[in-house]
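Each of the two complexes below includes chain A, the first together with chain B, the second together with chain C.
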Partner chain A sequence: MTAHTPAPQLVILLAEDEPADAHLFRLALKENHVAADVQHVVDGREALEYLRRQGLRFAAAVRPDLILLDLNLPRMDGREFLAAIKEDGELREIPVVVLSTSRAERDVVAAYRLGAAGYLAKSPDVTEFIRDIRKLTTYWGSVVRLPERQ
Partner chain B sequence: MLIVTRNADQASRARQSLLCRMCEVEIHAAQDGSEARGWLSARRDDLTARECPDLIMLDLGSPASGALECLCALKQDEALRAVPVIVVAPLLPDDDVRAAYRAGAASCLPRGEEAEDLLAVIDALGDYWFGLVCLPHDGGWSPGRLGGTEDRR
Partner chain C sequence: MIARISRGVAARPSQIRALLAARVCQPISIALAVFVLAAALVAGLIWRQERYRLRDARGLAATLAAEQAFAMQSGLERALSATYALSAIVRQGWRSGSEDRLPAIAGLLRDFPGSTMLQLARGGVVRQVAPADGHEAAIAHDLLGDPLLGATARRARDTGQLTIAGPYAMDGGLALAGCLPIFVDEAHGQHGFWGLAIAVIAVHEIAAPVRLAELVEHGYGYEVLWSSPDSHGAQLIARSASAVGSDPVERVVPVANASLILRLAPPVGWGDVPGLLWQSLVGLLFCALLAWQAGWQTRLAATAKAHERNLERRVAQRTADLQRFAEVTAHHLQEPARRMVSYAGRLKGQLAGRLDDPEANISLDFIGQQAGRLQELLRDVELYLAADQPRGRVESCDAEQTVAALLSRLAESIGEAGARVRVGPLPRARIDAPRLGDMFRVALENALDHGRSENALCIEIDGSRSGDLVRYRVSDNGPGVEPEYRARVFRVFERLSASGEGTGIGLALLQRIAESIGGHAWIEEAPGGGCQVVLELPAGEENLAPEGRS
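Let's turn to the complex of A and B:
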């Protein structure tokens, strides 16, 4: 008999400034029975501080397996954050998936050019959004091989 | 979609698998990184939205395939860097997984050695890349790609 080893819990850094959208994301995880560890930051600068463990608040921050990024963030927007992380030798290997209400081709292309590992157009329909989050977490939590956490 | 693999049979299997999922995907195959770059270079002048692949799958199964070098070259090419590149490989050590992400891989998928294992990878890849996210040349979400699956009906 072999011992069953549960899959390690996915650690997700959610960069989202809208409290309602962050709440909806957590709700989607709950509805899909996904036991992810979600760390929430509200702008690009705070996301970088988290990842670089800057300041007392983030001194013990857990390195995420995946970053979910809203494009329209205050202080440092999603595009600036994406460019910064992909130029950072320590952080560039962390996959970043963009979550956006925009479906404009220029936004999609720009995100991929900056190194996004996916671009999810947020559905206004809650049921569809929950289903999309199930697919997204299945892919990144069970299908993809991620770098081992350091 | 451009598939770079030593195993010529894989492209045909991938096409069948995606067709079964009602994904209207045109598949081109190259045997190694060099051939892939040649194929892309030959179309360089025609790399419009219609000609440019939406997605590239690189099979790192053969060390000689030059797939990682191909990945680096693609990500340094202004005309192609927006195209997501998926690395598929059996039993990669963590250092290689890390190297693939650092070089710009959009994701790294493990696969077994059997043909059926590849089909499972293609299914998972299709769910995400052709059934969920927007691709660079979709103009946003493209519901026309999917038919009879549960998604976006």
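Let's turn to the complex of A and C:
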């Protein structure tokens, strides 16, 4: 009989400027009993600083397994952030899933062209949103294999 | 129409110019102008071409005339040289003492083609004729006294030069007679007049070898004239069947005491009438085509212009409709948003202390916040859409009064932020008061929202006038705006901080209002390192009291 090794906790970097949406995401994780480590930043520039461990605040930042990215962010928006990390040799393999209110085809296409690994349109129905987050965390946390955390 | 307007007192030069331009720019006017210009150009080209052609044609005719005239001159001189041969024979006989014996001269006719008759006249009386047959009557004829040849014979004797008489009729044609005086050495060593040597030359004999007919083949008519001192004016001695056209080419060659003249010209004149007609026809067709093309292009341009104006009208109409729709929509959406804020607040009050689940309280808070945010967004969207429309009389607006009213309205927010606001002198701007108030409100709210730092917030509002412009500055002592974001923050929904602070429309609204009245707005670094919003607007009259202010 082999010893049971618990699955390592999924580390998620959430780039979201809207506190209500960030709260809703955490609520969805809680409702789905997903024990993920959620790191929250409010714009693209702060997300880059987190990933590059810049400044005292992010000196001990944990490299995320997955980035959930809102498109409309202050200072550096989601598109600029995507372009920036896909040009960064150290960061480009971290999968980025876009979380956006927009269902416009041009936004979906633009996100994938910039290197997004997925695109999730936020549902206005909370129940549906919670279900979508369960599927999302199951897929990225259990189904697919992600690069070893550095 | 123009005359009618010119008479009218109300007609202004600009109206007349516009009417003239409208008339001149008509397709038919343009086509006519192009036709006239093109026709003038084509006429010039045809005239120039015709001039070159005429010069070449006359040059060619002059060359032909010279060739023919010289050939006739040579033939005449050859025929006349028989008289010199006769003179030599006589003088030879004189010197040998056999002057009374008449020499044989008939053989000379063979040696000097062109001479049809030779005569020797001792003392002017014909003594010998060749050929003798048929001319016996000429023997003993006194040439010096002859009414036809006498003058020429006497001139030859008196001048000692070969002299030519004629033309006169002979054997159904015209003939010339060359008279050469013969002088012999007399006993006392002096020259004495012996007599005359005569060579009669039939004109057709001279003309035949010259092939004047070739001139006719080349399309010319010709005339050969003879001019001598005894003839009054030039006498016609040969001509082509076809007439000589006007302004002929003329060649004059001297023969003894006379001149031979050859005139040459096409019977119909030098002008190439069929060619000119053909060229003119082609030219007219070309001009007409060009004029049609110009008229067509003008018509197309006018149609395109009208279409463009129509499109512009439609776009303007649709834009106005859309703007109106957006404004109305934004306005109407504010109502449910306001109600949501009201009822969320009411619900929270009613449930205060009765909810065990903290998540429920959080949700209620978010509902209230988001409804308030929606209301603010809709308010700013409505203002943004109407930013370029004055909301009152555009006049010399008292900025100090506007700012004072604004500070009074925002006193609570200023107090909450713990801010100290200092207002300096503010010159007047030319704008409606509500929009000037909006611009200062946005700048002030921007300072209140983003100017907070470790230090107490200090906001300074001042202004200055430079020529026709006023410049207002709203500065804070906060963290400021990094240079890379100073232009970007004027975009709609562009924010530099997370939600909860501002709608992202304020600065865009401010810039839109400024630009709609010919001004500008930008962000600079404040003297203390904070953010400084600068408004540059048209200046208002300082000493003019604004009208209609309540």
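As a convention for this text, the second predicted complex is superposed on the first by the 150 of 150 C-alpha atoms of A that agree within 3 Å, B and C clash if a C-alpha of one lies under 4 Å from a C-alpha of the other, contacts with A are read in each partner's own complex, and residues count from 1 in each chain.
Convention: a residue touches a chain if its C-beta (ideal position, glycine included) is under 8 Å from a C-beta of that chain, and two chains touch if they have at least 3 such contacts.
The structure presented is a predicted model; accordingly, all values stated were derived computationally and were not measured.
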item	value
Fit or clash - chain C, chain B, common chain A	fit
Which superposed partner A:103 touches (first chain B, second chain C, both, neither)	first
In the superposition, chain B vs chain C on chain A residues touched	B
Partner chain in contact with A:72 - chain B first, chain C second, else both or neither	second
Overlay on chain A, chain C to chain B nearest C-alpha distance, Å	23
Shared chain A contacts, counted only where both chain B and chain C touch the same residue	none
List of chain C residues in touch with chain A within their complex	359, 362, 366, 369-370, 485, 493-500
In the complex with chain A, residue positions of chain B that touch it	81-84, 92, 94, 97-98, 101-102, 104, 106-110, 124, 127-129, 131-141, 151-152
Chain A residues touching chain C - in the complex, by the definition given at the top	17-20, 23, 27, 42-43, 72, 74-75
Parts of chain A lying in touch with chain B, wherever the complex brings them together	92-95, 97, 102-105, 108-109, 112-113, 115-121, 128, 131-132, 135-136, 138-140, 143-148
